[in-house]
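Next come two complexes built around chain A: one with chain B, the other with chain C.
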Partner chain A sequence: MSMKTIGQTIKSLWSLIVGLKITTVEFCRPQITVHFPRKEVTNLGTYRGHIDLVPLANDAQTPRCIMCGYCADTCPSGCISLKFHMTGEEVNPEQRRRLLLGLDVAVPRSGGKTPPPDKIERVLDKFDLNYNYCSLCGLCVQGCPVGSLAFSRDVYLVGRARQDFEFDLLGRLKSRAGTNSGKAAA
Partner chain B sequence: MIIELLATPLGHTVAALVAILAFLGLNGLVMVYMERKVCGFIQLRPGPFEVGPRGLLQPVADALKLVGKQLVTPQGADALLFWLAPFISFAPVAICFLPIPFGPIATGMNMNLGLLLILAFSGLNALSLVLAGWGSNNKYGLLGAARAVAQSVAYEVPLLLSVLAIAFQVGSLNLSTIVEGQKGILSWNLFYQPLAFVIYFISATAETNRAPFDLPEAESELTAGFHTEYSGMGFGIFFLAEYSYMIVVCAVATALFLGGYDGPFAPGIWWFLAKVFFLVLILMFFRWTFPRVRFDQLLNICWKWLIPLGLANLIATALVMKLVQ
Partner chain C sequence: MPHDAMSKLVGDYYTTHFSPDPTSEGDTLILNLGPQHPSTHGVLRVVVEMDGEYIRRSEPVLGYIHRMHEKMGEVKTYLQYLPNMGRVDYLHALAWNWAYVGAVEKLMGIKVPPRAEYIRTITCELNRISSHLLWWGAYILDLGGITPIFYAFADRERIMDILQRVTGARLTYCYYRFGGVSADIDDDFIKETREFLQHFKTRLPIYHGLVTGNVILRGRCEDIGVLPVEMCRRYGATGPVLRGSGVAYDTRRFEPYSVYDQLEFDVPVGKNGDAMDRYDVRMAEMVQSVRIIEQALDALPDGPHVSPDLPDRFIPDKGEVYFAVEGARGKIGVYILSDGTAKPYRLKLRSPSFSNLHVFAELAQGTLLADAISIMGSLDLVIPEIDR
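After this line comes the complex of A and B, so read on.
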């Protein structure tokens, strides 16, 4: 047995003592576990819950969403489905058809094409999320042109059935606006 | 009448056995709680917390769960050996406690060859692991049993060598005599035989199959090793035996190296228990600090380091004792 092996062994023995020192220090440190029902976690800055709609700054009842449909298209899991209708003055059936196809609205200032009717508004009827399939990839949040989507911060979301994870986001926004007395919750 | 009966040697032994069994049952609960708390604290979590005040009743709940479970004998198992094994594992433990001097009076049986008795009966544990592994007709069980034998055979040698060094020094195998030789902290054998203590403690960790030497039950490799097939109290008894053996080896270490019940102010038995549980705490720290060794490493540590060092220590002790005389 050479000197080298002996030196190596002493070094390894020392590393065992260093290891014990580390566990002893950890043993004496305060715990970081939060006892849930009595206390709740607060450091949720980076937490990704299911997505939620963000309301307009001046109207907590209405989402910022412009119903572009980007999120529904881009979601890799097809979690998002939305429905809207239009209100506008004098929209005749022909125009309505074209509006629905998005021919005129999607291409503003497009030269010779028929201008859209004066006042057209899209009204969101339904914005549903099927959280069962969501991978929390964040593409929808990242891609929304008006920042209408954000991750919620509900860590303690529990459900017993698949249906519990099918959310009506518009309804949630409205009820939140109701309970928060109009305060916007981002 | 009862007092008269207790005064006879047989009565004393029987009373001691009953007391030991009660102690072992209680000890199992305490150690389960302690282990889980230590593990929790090291990992910055609270450990068991919800059952009873600060989780104190958790081990009771665990024990009830184990008792309530169905006992399953696996297909093709040798039922007799399979069910004998847990008892062979547990029964000798009670006897191992008899010669241990918990206090000046609290000694189950003051016998000349106490140390030998403990070593002999704790050797039976290996047999029970083999029976368990063989009887359960399970490849993991068998592999665990094979490992247990190799490990026990290897580590019993340095264990004996380190214990012998103390026996040479004191000139007795009677634990009570060994303890009485150590009065005052400076005369503890730990300071005369530090190497023997280190060797003893490492071998004892291996003998009790505690991590980092828990190869016979290595979860990540062998599911649960020799007790893979045991359910309910079959497993529970193995578990109890493991914790009891921990107490045995720590109690022997206390008696041999740490002055036994020697200590100021409080009655001896409290000092003895405090020292034992301190050593148990160290064993628990080992478990949650060190990763499991590989099998070749395990045997290398033993044959290449502990046995030569133990032999050298023994020879040195013998020489010194001869010169002193």
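After this line comes the complex of A and C, so read on.
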């Protein structure tokens, strides 16, 4: 065996000792994982869950939504569907058509300043989210002209069936408002 | 089907197409590596013809995770296509984000505010480190070392926490928008990033001590899969695969986009073009990414994080555009052909892994099967990016 081979062998063995030293030091370091059911990780504050409706500042039962339909149009997966009806003045069919086509509605980033035409008040009947197809891109939340959508923080959402991820967001908002006012009364 | 053909196991089109040459001498065996093989990291299938322990021929078979991203681009509006970009290469999603928004911005002439450019640089480089960390762990896992991936994941987890703060996601980011980014970074983000960079600088020597100098790793990487520059050129290999062969080509340096021309960084290159050189290049790139992030954090200007004068609808004029960025695996390019409507007429994604993979077939010729695994790992393939 030549001197070179011996030198090579010693060098190789040394590299293994260096590695073992590192793993030993790491072994003595405090644990960085958490044991889930007993402890939670600390970064859940920035977690993004499915979207939720944001209520008006003075009325927790009513969403800020102006029913412009931007979210439903923009959603890449077509998760959002909303229905509304109009109250107040009689609406002629042409106006209704224009409303449904969204020709006069607030444009994105306008701050929601464009009002519905002819003082027609729109009432939101239904705001459904099919979370099965949502990719959480945030285009609806970001694009909403009145800030009526926000991400929920529900980290531990689980379901057994597809239907468990089809949300009635208006119902969720109302039930949330109900529990909040109940708490306030108590 | 005739009875004698049924009596033999004929396999599918690829194996029959690949059947041993009857004139070849000796006993060879057709072997399928994948689509469910631990070292193909996803659903890549490689058909190999084995002569004993040696590979005579090999051919990658693609398409197992094809999702028609390019076709999807033709049926979605420019804005709606954004989430797709997080899913082409899930490990360096922000580079794909950047390539696409950059192409649309170039097409529509949208100006990006300086703060947004710096935020993009910081987040993209953080993402590059996390991508290289995962490759580092997974490559050594392929070669039989289990410990490093836990070390890599501990650090990668911190990057994901930082990016989660602004992007809201941990893997398939959809953060960049036309004319900026979707959320501004705050002081906590900057503080956490600086803390992480300090921490990461102490971790790199640990990585090198644990793995780079290790005799077993060097035995599995040195002089394995020597890739000549000429072969890189023929296949269009880019990124660390090309740089490992000694060509200092980096899109950030040679086709500077965003603020990269104002930042100082080196382009690490290898000498021999073997697996060890590709390994070294990636390890050195992480150091350069740290340098870039530090400079970008120091130079971070105030201002809006998204352009204030954006059009209400993203409908570009007729025209075509190509925009390329440097991803963790190489040159990412997006080509858009617009016919003046709300949806692109044609959208082409140039993914670096696709070109890098095809080097493998030639590189693996005549090597041991175990070495082929090392070669495949050193190419850092991401299968969803290959298939798109």
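Here, the second predicted complex is superposed on the first by the 108 of 186 C-alpha atoms of A that agree within 3 Å, B and C clash if a C-alpha of one lies under 4 Å from a C-alpha of the other, contacts with A are read in each partner's own complex, and residues count from 1 in each chain.
Please note the rule applied: a residue touches a chain if its C-beta (ideal position, glycine included) is under 8 Å from a C-beta of that chain, and two chains touch if they have at least 3 such contacts.
Just so it is clear, the model here is predicted, and its values are computed rather than measured.
K.L.:
More chain A residues touched by chain B or by chain C?
P.N.:
Between chain B and chain C, C touches the greater number of residues in chain A.
K.L.:
Just chain B (first), just chain C (second), both, or neither: which does A:Gln163 touch?
P.N.:
So A:Gln163 meets neither chain B nor chain C here.
K.L.:
According to the stated criteria, A:Asn58 is in contact with first (chain B), second (chain C), both, or neither; which is it?
P.N.:
Neither partner.
K.L.:
Of the two partner chains, chain B (first) and chain C (second), which one does A:Thr74 touch, if any: first, second, both, or neither?
P.N.:
It touches chain C, and chain B stays clear.
K.L.:
Looking at the overlay, does A:Gln31 come into contact with chain B only (first), chain C only (second), both, or neither?
P.N.:
It touches chain B, and chain C stays clear.
K.L.:
Which of the two partners, first being chain B and second being chain C, lies in contact with A:Gly138: first, second, both, or neither?
P.N.:
After superposition on chain A, A:Gly138 lies in contact with chain C alone.
K.L.:
Return first, second, both or neither, reflecting whether A:Ser2 touches chain B, chain C, both chains, or no partner chain.
P.N.:
A:Ser2: touches no partner chain.
K.L.:
One more residue to check, A:Gly19. First (chain B), second (chain C), both or neither?
P.N.:
So A:Gly19 meets both chain B and chain C here.
K.L.:
Shared contact residues on chain A, chain B side and chain C side combined as an intersection?
P.N.:
In chain A, positions 16, 19, 22-23, 26, 32 sit in both the chain B and chain C interfaces.
K.L.:
Per the contact definition, I'd like the list of chain C residues that touch chain A in the complex.
P.N.:
Touch list, chain C to chain A: 76-77, 79-84, 86, 147, 151, 154, 161, 164-165, 168-169, 172, 174, 177, 182, 206, 209-211, 213-216, 310, 312.
K.L.:
Which chain B residues qualify as touching chain A in the complex?
P.N.:
38, 40-46, 49, 285-286, 288-290, 304-305
K.L.:
In the complex formed with chain B, which residues of chain A make contact?
P.N.:
Spelled out, the residues of chain A in touch with chain B are 1, 9, 16, 19-20, 22-24, 26-27, 29-33, 35.
K.L.:
Under the definition above, what is the set of chain A residues touching chain C in their complex?
P.N.:
11-13, 15-16, 18-19, 21-23, 26, 32, 43, 46-48, 74-77, 107-109, 135-139, 142, 151
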